[in-house]
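Supplied in C-alpha cells, the structure appears directly below.
As written, the chains take the letters A, B, C and D, and residue 1 is the first residue of each chain.
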Amino acid sequence: MRYPFPVGRSDFIQGDEAIARAAILAGCRFYAGYPITPASEIFEAMALYMPLVDGVSIQMEDEIASIAAIIGASWAGAKAMTATSGPGFSLMMENLGYAIMTETPLVLVDVQRGGPSTGQPTLAAQGDIMQAIWGTHGDHSLIVLSPATVQEAFDFTIRAFNLAEKYRTPVVLLTDAEIAHMRERVYIPNPEEVEIVNRKLPQNEEEARLPFGDPHGDGVPPMPIFGKGYRTYVTGLTHDERGRPKTVDAEVHERLIRRIIEKLERNKENIISYETYALDDAEIAIVSTGIVSRSAVRAVKILREKGVKAGLLKLNTLWPFDFNMIEELAEQVKKIYVPEMNLGQLYHLVKEGANGKAEVELMPKIGGEVHTPMEIVERVVG
Amino acid sequence: MRKEILFSGFGGQGVILASVILGRAAAVYENLYAVQTQTYGPESRGGASKAEVVISDEPIDYPKALKPDCAVFFSQEAYNKYLRTVREGAKVIVESDLVPHRDEEFEKKLKVYALPLTGIAEETTGLSLTMNILTLGVLTAWTEVVSREAIEKAVLDAVPKGTEEINLRALHKGFELGEKARTEGL
Amino acid sequence: MAKEIYSTYPMVKYLRKEALPTALCPGCGGGTVLNAFANAVDQLKIDPKDLVVVSGIGCSAWIASPYFLADTLHTTHGRAIAFATGVKAGLPDKKVVVISGDGDLASIGGNHLLHAARRNIDITVILVNNFIYGMTGGQVAPTTPFGAKTTTSPYRNIEHPLNISETIAAAGASYVARWTTAHVYQLIESIKKALQVKGFSLVEVVSQCPIQFGRRNQMKNPAEMLRWFLKNSVPVSKAKNMSPEELEGKFVIGEFVSRQRPEFTEEINKLIDEVQENFGLKGE
Amino acid sequence: MYLKSAYEIRDKYLRKDMLPTIFCPGCGIGSALQYTLRAIDDLGLNQDEIVWVSGIGCSSRVPGFVNFDGLHTTHGRALAFATGIKLANPDLKIIAFMGDGDAAAIGGNHFIHAIRRNLDVTVILINNFTYGMTGGQVAPTALKGLRGTTAPYGQFENPFDIADLAVSAGANYVARWSVFNYLQGINSIKKALSKEGFTLVEFLSPCPISFGRRNRMKTSPELLRWYQKITVPLAKAKNMPPEELEGKIVIGEFADRDRPGLVREYEAYKKRAKKMMGWEE
C-alpha cells in the first residue's frame, strides 16, 4: 500500500492535516463534507489523498447530507468520516442521533469556533462540549474525545476510528480552531505500527439475523453490512433485536436504549482516558480538556515554583465521563478549578462529580484566545 | 531549553512561511519539539501578520510565546505593536527601511540587528520576495537555534519547484550576515 | 484614496460609510453587483427605508451587508430566503431583497430557493454565482464548471454544474434572468425589472473570483475572467437552437421567464379575507 | 405481457414476518411496490445486490416489508445516505422509495443535488399530495385549492411539478404515471433500473384516508377516477396551451438520456488523480 504522505517519520503539520492523515492510516476510505472554517483543511487534505488510496471524497450540498452519506457508506462497509465546525455540527445533530440509534460506526470531527451561530469563524472556543455530549434528542450515549496537541489530534483520530468500530458507535473528535491551524511536530507511524480495530461481522446466519441483538453478551452486536446477502433492515425507529420496528412497545424501547447506553458505560474503563500532572500530593486541582490543558500544565509548573501544591487532571475523553474519579479527586484536594473556553460547560460535569466534597470554581474565557498560564496562576493565588 | 521566536510584518512578506520553515527545520531535521502559531489581521491581503515558533527539547506545554527570545520585525506597525513583548536581552532583527521610527530607549535592553533586508534580498537574488528566506539565514547563523543544514533542508521542502537555487542564495547571504553579527558578539 | 472615492461616487449615499472599505478582495465581482443594485434602486427612486436586504453566509453575503444603508439581516448559511419569507409576510409593503452567493443559495440553501420560487413569494433574489466557496478557501460548489480545479476537487471537478436560472424558472418563479459582471447595464435593467415584478424574481449574476477560482484555473486577474465571460456568453434566444454539447461551458444570458403568476403574500391575504368573510369575522 | 400471480411475487420478495403492512385499505403504495418487485423479477436482478433506501413517511416504510438490505433513514435525507452506500460499494444497486413530502419538501435539496451529480439510483416516488403518516397536512405537490389539515381553507401556494424539476436538474430518466397505469409503470421501472445515473418514476397514488376524505373523495376508486380526469398524456399536452393545462398533471416519459453516472465519473477521477500525481501512467 502506497501512502500519499511520508510515513515512519516526524513531520511538521497543522492539526487539521494531522486528522486527515490519521484517518487514512486508520483505514478511512469514505469522506463526505461541506466547506466550513476552521475545518476545511481536513476536507481539502482528504480530497487530495482519497482518490490516491482508492477512497472516496465527496462534497455534499450541506452538512446534513454529509453525515447522511457517511452513515450510508458505513453500512456499505467503509470506515467513514466527516468534519465540520459549530454551525455544521448543529445541522448534523439529527443524523448523529440516527447513527446512535442504528449503531453505525463513524467519526465526526467538530473543530470548535466561537458561537452561537456564525460567531467567530476563525477563533477557537470550547463551546460545543455540551452539544457534543447531549446535542441530539432522546436518551443516548456516544464517545467524545478531546485532543490538546497536534500529535494527540493524530493519535485520537486513529483511536476514534478504533473505538467507533469496536463499540459500533459514532465517535466525536472535539478539537478547536487553535489546534486546527497550529503546526506542530507529529510522528506519523508506519502502517504496521498502527493498531487497527475492525468492526465485528456476523460469523453465522444466526448472528446476521440479529443485527441489534447481543449475541456476545458485550452489548455490541456484529454488523451485517449491506451486499453480503444478509438482507439487513436498518431503521431509526425503535426496533427489536432483528431490526423490526416496534414503536409502541415500551419494553423493546427500554431494552434497546439501555443496551446502547450500557455498552459504553460498562466499557468505560477501556474508553476513558486522562492524564495527570503533579496530582499525587496536590491540594489544588485544575481539571481541563483540550488546548486549555497546555496553559494549565504551565500554570501548575509556575504554581509549584511559588510553593502552591497544584496539580492537573487533563481529560482526553469527555464522554463517557468518570464522575467517581472526580469525586475521589474532590476528597483529596481543597479546591478544583475548571478553566475552559466557554462560560461553563465542563464545569457542570466536574461539579456534579465533585459531589460537594470540594469547592469547584469555573475559570471561563471567551472571545477566541486561550487562557494564558498567568491568568490561571493569578486566579489560583488571588 | 525553550526558545520562543516571533515573526511579524504585513501580509505578503512571507512572515508565516518563514515561521513554518523554522519550525519544520527544528521538528523534522533537528528532532526537537516545535510549535508554530499565527494570527492574521482581518483582511486576507496586506493586513498585519504575526507568527510565533516555540522550540524545545522536551514536549511543549503552552504553545504560544510568553516572552520571545528572538523577534523579527518587518513593518513599523508590527514593531510598534510587539517590540515591548520581547524579553530583556532578546535578539531582534529589524527591517531598517520599513521600520524608520525606532524606540531607542527600549532597544537598549535588547540585541538589535537592523538591516535593509528587502534591499539586500533584491541585490542578492533580484527578487525582494526572498527577503523572508534571507532573514531566516540571518536568524539561524546569529542565534544557532537550529543548524544551517536543518534550515537549508526545510527551505528546500517549502519553496516552489524551480526556485530552489535563488532561495538558497538568499539563505546563504543571510548566513553571512548572521555570522558577522555572531562573531562581532552582537 | 478611499476617502476621495467615497466623496465622488454618487451611490455612496446608499452605503454605510463607517463600514467602508468593503472586505471584498481586489478584483472581486461583488463590487459590481453592489454598484448595479444601488443604481437600480436609484433609478427606480426606491426609498432605502422601504428596502429590507437579507443575506446568508459567504463572501457574496457581504456584498450588501453591512454596507447597504437599509435594514439588513445577515443570517445563517443557506437560510436567507427562509428568513426573507418571514420578513415579506410580515411587511408585505416593503421590498425584500436577498443578495447572496451560489454556495449559500443553491447548495446548502437550494431547497429554500426552490420552494420560494414555487410559492412565488414577492422577493427579489440577486444570486452572485462565482462558481466557488470564496470565503472558506476555494472549495468546489454545485455551480463549479465541469473540469475546473478547486481545493476539494484538486484533480478537476467531475460533477456537472446546476443551471440555477433554468431550474428556478421550472420551479415557478415570475421573473428569472442571468447576466455576468461584464454586462452591467443589462444587469441594472434586470434588477430594476426584478424589483418591480410581483412575485419571485431571480437575477443570477455570473461573477469573478480571481483569488479562489481564477488563480486555480489559469485566470489570475479579473480582466481575464471578464473576457472569459464575454467570450462564452450566449443569449437565451440563440441558446434555444443549440445542442447541450454546444452549450457545454457557455453562459446563457438574458431573461428566462417574465410572467404573471399568483403571488404568495397576495394569495395568503386573499385567503384570510375569504375565511374571515365565511366566519362572519369581517370588519370586527 | 404475462404477469406472474401476485402471491408468487409476494412470497418471493416480501418479509412474511412483517406482514400485514401498515398501509391503509385503498392506499396506492402497495401497487407501486408490486410494480417495482415485478420489474426486478422480470429483469432477473439479484436480490442480494439491491439496497432499498427510504426517508420518513408512509412510502418510506416499504424497505421494512421487502426482503432486501434496507436503510430506513431520517426525513428527507434518503438520497444523501444513498450517495454514501453507492460510492462506498458501487456493486450495489440502489432503489430509493420516497414520498412527495419526503423527497420534494424537506428533502428537495438532496433531491436536486443527487440529480445534478447523476447519482446512480432509481427513485420510486409516491405522490399522494399529502403527508399521510402525520395526518394529512398539505404537501408542496398539492394542487391549488386542495385541502389538508394545515390548509383547512384550501391550498393557496403553487404546487411543485417534481418530474419537471427532475428533468431540468438533469436526470437520465424521468417518467410519471398514476398507479392506474400499471403496464406503463412496470415498463418505466424496468427501464429506470436498467440505466446508469439518476432515474425517477413518479406515481400519482391514492391516499383515501388522509387526503381523499378531506377532498370529497373518500374511496380509492374515486381518487383513481379523479386521476384519470386530471392526467393528460405528454403527447397530447404538447399541443395544449398553458391555460388548458392549469390544474392538470401531465403523464408519460419526460426524459430518457445517457449522461455518465456518478460512479463512472468517480472511477475516472481516481485514475486522473493517480496520473496527475505520477502514481500511474
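Keep this in mind: a residue touches a chain if its C-beta (ideal position, glycine included) is under 8 Å from a C-beta of that chain, and two chains touch if they have at least 3 such contacts.
Just so you know, these numbers come straight off a predicted model, no measurement behind them.
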item: Which of C-D and A-C has more C-beta contact pairs; value: C-D
item: Relative to subunit D, chain with the most remote C-alpha centre; value: B
item: Intercentroid distance (Cα basis), subunit C paired with subunit A, Å; value: 39
item: Subunit B and subunit C: spacing of chain centres that average the CA atoms, whole Å; value: 45
item: Length of the line joining the C-alpha centres of subunit B and subunit D, rounded to whole Å; value: 62
item: Centre-of-Cα separation between subunit D and subunit C, whole angstrom; value: 32
item: Multi-chain contact residues (two or more partners), subunit A; value: 51, 61-62
item: For subunit B, residues that touch 2 or more chains besides their own; value: none
item: Multi-chain contact sites of subunit D, meaning residues that touch two or more partners; value: 109, 113, 266, 269, 272-273
item: Touch list for subunit D against partner subunit C, complex; value: 105-109, 112-113, 116-118, 140, 144, 153-154, 156-161, 164-165, 167-170, 259, 262, 265-266, 268-269, 272-273, 276
item: Complex interface listing, subunit C residues touching subunit A; value: 57, 76-78, 103, 107-108, 110, 133, 135-137, 139-140, 142, 151-155
item: Subunit D contact footprint on subunit A (complex, rising order); value: 2, 4, 29-30, 32, 51-52, 54, 56, 58, 60-62, 64-66, 68-78, 80, 94-95, 98, 226-237, 244-245
item: List of subunit C residues in touch with subunit D within their complex; value: 107-111, 114-115, 118-120, 142, 154-156, 158-163, 166-167, 169-172, 261-262, 264, 267-268, 270-271, 274-275, 278
item: Residues of subunit A that touch subunit B when the two form their complex; value: 9-12, 122, 178, 181-185, 291, 294-295, 297-298, 301, 370, 372-373
